[in-house]
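Okay, so here's the structure we're looking at.
Read from first to last, the chains carry the letters A, B and C; within each, the first residue is number 1.
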């Protein structure tokens, strides 16, 4: 007999990870209308940065370094490349995916294709709700909510955060209101990169790290944001947990090989029924 | 529903955007081969009405009939193929294609197997001649003057062989001479059997041109009659505030 | 095909010179094109060690041109084209591996092409009603799913190792080159015809302003679907050809999303919407990848160089490098362009 509590708990763990994967992508797509296909590579960089830093400093410090590194890298990508091409959707698409491939190849040269597991900060776990839950997963779950809470406060309470929100609705309007759009963009990319780095550390530890690990999270992020609705952070969160739970149920009842397929099926259903996603809204330009 | 005398009928049309009612229970008919003026102050809902008719927007309620067939909410291309074409307010050419290819897209048949056709070439050429564009066939739209871009829009609409032509603010940005010329051309279309609806935000250009005027205000029909009747109508005058319609 | 004149006046946007598929090609463009074609056809004569490479490039030219007729024209960027050619290749492979190793090529080949068309329609049908990014997403994900499926069903597909029971076209590199050149030329010619025809122009118009095409009385969904079919047939042919080229079908060479991205990069560098640009760029890309960069940097590091070059070209010349060259040659004729 399957313990429903197990599904609940496992689904929540998976969902929290998926939220982290999707948030950065959602921010850039929702706020700037830019589809950043290098997002999966950001996640990958988070994992590898943690690997490298973990060799020098303690786990917690390495974690922080990884997040900052990817945040800054994202800003660099924006300033160095994306801001010159973001008006051209097709070129941005292609250029960001090529960037991801370059990063993949560089990491392959340095670290080889063999997947590796990263050392979690805290190892071990407890028996909980009929299954064994690793401490690290609980930490990831808790921290993801902390991060979301901080994001919420940032967007609602700070000037910069409100500017980001305003710019996402209408760039012309925001410019007229005197917002420094470049500054807003830089901040958005930093936050998106930081979340990606965050996700990368946990994925690298809880699953595995390799130079090809950017592809699946990218697909997943895209799916979650599409289902949740472009421009809606709330939608991304709900969609992430929805997929987390439903996928866990599929794996439990049908089989582990079908894990990735499930999200796709849900995507097809949503796209056909409600293409703007669960909580999508129109852009005013 | 429609007799041959009223090829286009709108019945109880309603369009809401969230909480905003843009078009409120609007009904009207277009008579065969007439030139109908459709006026209203800015924000009255004119664009919304015609977007609903053309299938760009789906009405919240109500029906549209074209040659007795209900066309409410169907895809734009179907409506166009049934004989209703629109010349939009803003010129909307394919900027990266020549004037000739712009007209071509509107002239070709709706088939992914129709690779080429001598008939299409003929149609393109004669339309270009008619709209005074035959010297500009090989150029790009952005090198045309404003009036040229407007003529291109008309050529494109004509290429779909319409029975009914909607002209959305056709005189915008034109000087007196250009307005006179275009009015002549519009009468010419009518002589060929086309039914015309001309949308504008005031009567000035339309007085001499149209047979009948419908006035729209705040999404509702305010008046329906000859240009003189409408110009004298007090409600219409107050809707336009200054009293000059 | 009607031989129509593009413009009543002598000077048109297309230039003086020889009519070619309803376009005028000037003497410089025609000259360069002729030289390149002759060099290509005679590769085994003046560069026999490169015959294998160019034979492979013939197939990639087919892929690039096939991608171009739909995605390069309508701007619906498909990341799933390796899924289409992969479906064809795997059909051939699965038939020889699981059914009959000696199955005749005149049975497996057409079946593979049909499967490719079906595969294309499977992801085109639900997604073409939607706008660009959602479409691209579905195509991206379909490649991931197909790759996963190959591993899930590895009893039939032999997973990562792939299937080697596919018959090889020939071990003679010269014959191999011509076996692949003929389909490449025919397919490129056919796609060029479609591109220049009214249908191709409608596809291009969809890429510029889809709403206006609807207003022209054209069913854009239907045109896009058929554009996909026009793309999928040669993709299937190319996929089956590639299977017989290597004699081996496995995910890395045929299916993974990297292969799709290569096709897109080639087409973008060549010039989206021009058919000839992507076809030509395939030869350039493969030459750089398998000769130049491999020699200088080795089989692994060369990828960094390749993708970096692609990135630079995408940013600096978004219209496509080969297209730019073509326009440059056109301007040498001294007319308006």
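Here is the rule we use: contacts are C-beta pairs under 8 Å (C-beta built on N, C-alpha and C of every residue); 3 or more make two chains touch, one makes a residue touch a chain.
Just so it is clear, the model here is predicted, and its values are computed rather than measured.
When every chain is reduced to the mean of its CA atoms, the largest separation from chain B belongs to A.
Geometrically, the chain at the heart of the complex, using CA-atom means, is C. The interface with the largest number of contacting C-beta pairs joins chains B-C. Averaged C-alpha coordinates give centres for chain A and chain C that are 33 Å from one another. Put simply, the C-alpha centre of chain A and that of chain B have 48 angstrom between them.
Averaged Cα coordinates give chain B a centre that lies 42 Å from the centre of chain C.
Listed for chain A are no residues, as none touches two or more other chains. Across the complex, chain C meets chain B through its residues 1-2, 4, 6-9, 11-14, 22, 193-194, 197-199, 201-202, 204-205, 208-209, 211-220, 222-223, 225-227. Taken together, the chain C residues at the contact with chain A in this complex read 75, 77, 126-127, 129-130, 132-134, 136-138, 140-142, 144-145, 148, 152, 257-258, 261, 264-265, 268, 272, 300-301, 303-304, 307-308, 310-311, 314-315, 318.
For chain A in complex with chain C, the residues that touch the partner chain are 35, 81, 84-85, 88-91, 93-95, 97-99, 101-102, 105-106, 108-109, 215-216, 218-219, 222-223, 226, 257-258, 260-261, 264, 267-268, 271-272, 275. Per the touch definition, chain B reaches chain C in the complex via residues 54, 56, 75-78, 80-81, 85-86, 88, 92-98, 100-101, 104-106, 108, 110, 112-118, 120-121, 125, 134-135, 137-140, 156, 159-160.
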